[in-house]
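Below are two complexes that have subunit A in common, paired first with subunit B and then with subunit C.
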Partner chain A sequence: MSRNLLQSTMIGFGRRLTRTMLSEKIAREHGLLQSLDPRVRVVGLLALVLAVTLSRKISVVAALLAIAIVLALSSKVSPVTLAKRVWLIALGFTGVIALPALFVTPGRAIASLGSLSITEQGLRTATLLVLRVETAVTLTTLLMLCTPWAQVLKALRVLHLPKEAVTMLAMSYRYIFLLVETAGQMFESRISRTVGGLPRAEQRRMTTRTAGVLLSKSVALGNDVYLAMESRGFRGDIQVLSDFRMRSLDYVVLLLFLVAAAAAVWMGR
Partner chain B sequence: MPSIFELRDISYDYDGVPALRELSLDLARGERVALVGANGSGKSTLLRMLDALCFPARGTLSFDAQLISAARLQDDAVALAFRRRVGLVFQNPDVQLFNPTVFDEVAFAPLQLGWPKQKLMAKIEETLQLMGIAHLRERPPYRLSGGEKKRVALASVIVLDPEVLLLDEPTATLDPRSQSQIIDLIQGWKGSSKTVITATHQLEILEDIADRVVVLEEGRVSATGTPAEIMTNRELLLRANLVHAHRHTHGSVTHSHPHMHSHSEHEH
Partner chain C sequence: MHIPDGYLSPSTCATLYVGAVAGWYSALRRLKRALFTRVIPLISVFAAFSFVVMMFNLPLPGGTTGHALGVTIAAIVLGPSGAILAISIAVAIQALFFGDGGISTLGANCFNMAIVGSLVAYGTYRLMAMDAGIRSKRRVVAAAVAGYLAINAAALLAAIEFGIQPALFHDAGGTPLYAPYPLSIAVPAMMIGHLTFAGLAEAVIAAGLVAYLQVADPALLLNTSGVSLESGTAGTPTGSVRRLWVAVAVLMLLTPLGILAAGTAWGEWSPATLAQSTPVQSSDPSPVVPAGLVRLSSLWTAPFPAYAPGFVHSRGFGYLLSAMFGVGVLLGLSLATRRLITNRRKGLET
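So, the complex of A and B:
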């Protein structure tokens, strides 16, 4: 472990998180998904995600992935962006889980690596798992890339998700930047006052102390935010405003989304 | 002029650390008052108490001749009526801006108070225009500059057109142009029925924002007077840590005298 790996990781993570989550460039493009009512995007894409998780056939999940790619291309999301942000990362994480399935799933052996045999059933299970994750993450990433976060939250509220849950989600998103920024500044401030290397045990102690201070700051911030809400009339039940309007295209696309999802569930059962 | 707030022998502490000590003060309806004092003198705590976000440990606080207490504010009707009439702009705008967009931020208070949609939309639009932030309506507050955040925070409160505005360091950390915009706004309320209580330690803006100045020292009122009276009382300003003896050099001569800072100028 390099001397300042933890600090560098924390600072880098904060900057990357902020850059990634705040980037609304794609959401401002004039593509298919961007032109739809946010509620259609949320319901339609989440219906497809549900269909992905319920389908047990590789061909059906592959068809859903193809739909996701068509949606991406028609919404001006390049395959390169998807490959970098989604496919490679999801493949890395899922591959670790899927790899043992190739060997441990009982079935007909189709290849062997030394004393280990890859079974047909194992290959099918691993492929289905990887495809499912890739497709589900592609669909949710499309939703996030093509919809400003504020609209996603508003759509969730309008769709009658518990207001408390949506409010917590909104606030977590709102304040995570502030806390990540604060953590980054605390690490930078420490780096600027540290000469030479510190023993690892001391590094660990300092990191723990920093985490404690950050927790105290987040508790204080949370209290102040609650007071600010109370000051403006919050009585425990948040009232929201819906200004979304559905057009004919929205109804048509919503219907297509739901039909595709239902067909995938039926064909993939 | 009748008092809108009456505070009698108020004390308050944070886990044993006193913030306000036997403080008594009357604030008149329509008055523009500046609360000045060094850091930790109790300005922010007093503003929070005037906004019924904390309550006296000892002493009494009345608003419009009605006693304000935690028990009374439990009643939704009482609380909402109070919130409709009194608004607080926090010192740190990041605390106040918790909504996904500027529009949602300005809409928050009217929505909680149950305004009808038509009235709400018209008032939000008017406020966005007044504060010069209409172009920011779809922007998330965390992507705004410091001055823009302050203006949005102010807009999120003045959208209700409250009778009493409590402003905690409204011009602190702002660039001169943003400071001037906020000061112009407060000046615009002069002579209106609005009561404006501003906590600040920027003495150079007192003449612009206040008709009366209340000096706080260690949680107590140590002096009140017009801005001119307070500004000429050097002994008081030194004692209250609002100015300090500054040593500097003109050519080969070194001397010291009371000194105050401002973001826009450096005056002696």
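So, the complex of A and C:
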């Protein structure tokens, strides 16, 4: 397998792990969101995401983005982190999709680029789309950056997610890192044994074989985990500990979140 | 294919959440009836595996690379219910943690990729593999086709969801409020990439994994194969045989529908029907029935001519009776042949 392909896969694994490590680091900071009950963070920020989706006016979505930035700053999440992790990626992805809308959306022409005309409706729909995606992704990222995964899962129980689903989410998340590390080691060992390049067909075979070994290891791991769970008395009845306590500040902030979301929906009709 | 927040209207998101919840509920119920305690860690680890496989860069023909979704191999190893849950979990973790796909659109993404993807992959694989042996090449081809179709079905659904937005959700000035492109743009734009690269990546990884498991760990393919490892033939035939009987019974009951068809099947004329038909040469007004046809047509007289026994007055009942008679004869012949072969084998063994 060519070293470039192997290295790009390895770099991909590394980036994902680094992002998560960074997330845990920010979650331990002493900021506004970190000081709140995780349930308030989950319900409040998801309510704002919902408001972003429901709002039909650019000004209202922009106001919600401003709220998200204030929340980030007061939670010690630097704008540079947000720009690198959220804004530029979302802008790149959504920008590519939104750009042609400037020209192909029927409406009143307000500018022209050669033979192409930018319409007022096209400009508005592209701006609304980009702004909406940026705001929603910023809010979701803030939730995940400021909350350890285990707490997010426990807080999701507030939304009446079945216990089985919460357990499987928690276990999957844990095993992702184990499997990423295992796959990374397999690719690393391959890099160390590869001199020169391989034909693409051989590269494909190599990748599927690696995936096959990983699959066998995953299933063996799943069986081992089951046996370990069973030997500790697991009979299918799942208990989720909840040690969350709501303080008066939590109630106040939750109310503010919900009022902001409701106001955005009402004003953005 | 991971739809971010803001591309779909709230009502579209809500509708697809309802569809996804129905799928999750059904999958959970089915698994709870099975060995649920054993399945929980397996699905969890499989979700993690699917997540990691999505990060594999796969070299594709044409000098490009793509990545698979892992839905096909999940459907083949875990079955549709397990795959629905495993892929939904992987998609949820991607949305929550890595920003791939939105929160409001999580229902849509799970519906497209986890539910429809799993069902299409499983259905295609079972239909194509049938009762082929575990190590049969047909299973590898079936996995590839299942992967290709599953990804493209999911992509087509996503494209339709995008494409209906501007028609349904726009303001008074005609400005689209969500995804701005109509179906005529959204469907080709989405499908070109999936019909070429993404579908191919899933096909390659699914076929490659099935081929690998056939050699390294064939027991993993047994769950959804309906065949046993040793014989390569039906391992638990009771269920499939029962289904076959039901299908045969339904078809027999439907046989009177044949009466609805007007006219005579081309080339199946009796001498009398042929004599009534238009002459072959317009200059010759008399009907022409070939002499050979007249001679040979009386060679054998069927007991139930035209599926209508003479003693039955109702044509519909005659059809049904003919169907039952036909199936009975075939069954009798089949049983007689089996008995003959069994007796011969016993004779050879002794």
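Definition applied: the second predicted complex is superposed on the first by the 248 of 269 C-alpha atoms of A that agree within 3 Å, B and C clash if a C-alpha of one lies under 4 Å from a C-alpha of the other, contacts with A are read in each partner's own complex, and residues count from 1 in each chain.
As a convention for this text, contacts are C-beta pairs under 8 Å (C-beta built on N, C-alpha and C of every residue); 3 or more make two chains touch, one makes a residue touch a chain.
Worth saying up front: this structure is predicted, and the values here are computed from it rather than measured.
Peer 1: Using the superposition on chain A described above, determine whether A:K154 touches subunit B (first), subunit C (second), both, or neither.
Peer 2: first
Peer 1: Looking at the overlay, does A:G233 come into contact with subunit B only (first), subunit C only (second), both, or neither?
Peer 2: first
Peer 1: Who does A:I69 touch here: subunit B (first), subunit C (second), both, or neither?
Peer 2: Neither subunit B nor subunit C is touched by A:I69.
Peer 1: If we overlay the two complexes on their shared chain A, which of subunit B and subunit C does A:I58 touch? Say first, second, both or neither.
Peer 2: neither
Peer 1: Quick one: subunit B or subunit C, who's touching more of subunit A?
Peer 2: Of subunit B and subunit C, C contacts more residues of subunit A.
Peer 1: Just to be sure I read the superposition right, which of the two partners does A:V137 touch: subunit B = first, subunit C = second, or both, or neither?
Peer 2: A:V137 sits against subunit C, while subunit B stays out of touch.
Peer 1: For A:L179 in the superposed arrangement: first (subunit B), second (subunit C), both or neither?
Peer 2: Touch status of A:L179: second partner only.
Peer 1: Going by the contact definition given at the top, which residues of subunit A touch subunit B in one complex and subunit C in the other?
Peer 2: Of subunit A, residues 149, 171, 173-175, 178, 221, 225, 229-230, 234-235 contact subunit B in one complex and subunit C in the other.
Peer 1: Using the touch definition up top, name the residues of subunit C that touch subunit A in the complex.
Peer 2: 4-7, 9-10, 13, 24, 28, 36-38, 40-49, 51-53, 55-61, 63, 65, 73, 77, 85, 89-90, 92-93, 95-99, 102-104, 171, 173-181, 185, 204-205, 207-209, 211-213, 216-217, 220
Peer 1: Using the touch definition up top, name the residues of subunit B that touch subunit A in the complex.
Peer 2: Contacts found on subunit B: 48, 51, 53, 76, 79-80, 83-84, 87-88, 90, 92, 94-96, 98-101, 104, 107-109, 111-114, 117, 120, 138, 140-143, 156-157, 160.
Peer 1: Which part of subunit A faces subunit B closely enough to touch in the complex?
Peer 2: Contacts found on subunit A: 22, 148-150, 153-154, 170-171, 173-175, 177-178, 221, 224-225, 227-235, 238-241.
Peer 1: Which part of subunit A faces subunit C closely enough to touch in the complex?
Peer 2: So the residues of subunit A in touch with subunit C come to 5, 8-9, 12-13, 16, 19-20, 23, 46, 49-50, 52-54, 56, 85-86, 89-90, 93-94, 98, 100-101, 104-107, 120-122, 124-126, 128-129, 132-133, 135-137, 140-141, 144, 149, 152, 162, 164-165, 167-169, 171-176, 178-180, 183, 200, 203-205, 207-216, 218-219, 221-223, 225-226, 229-230, 234-236.
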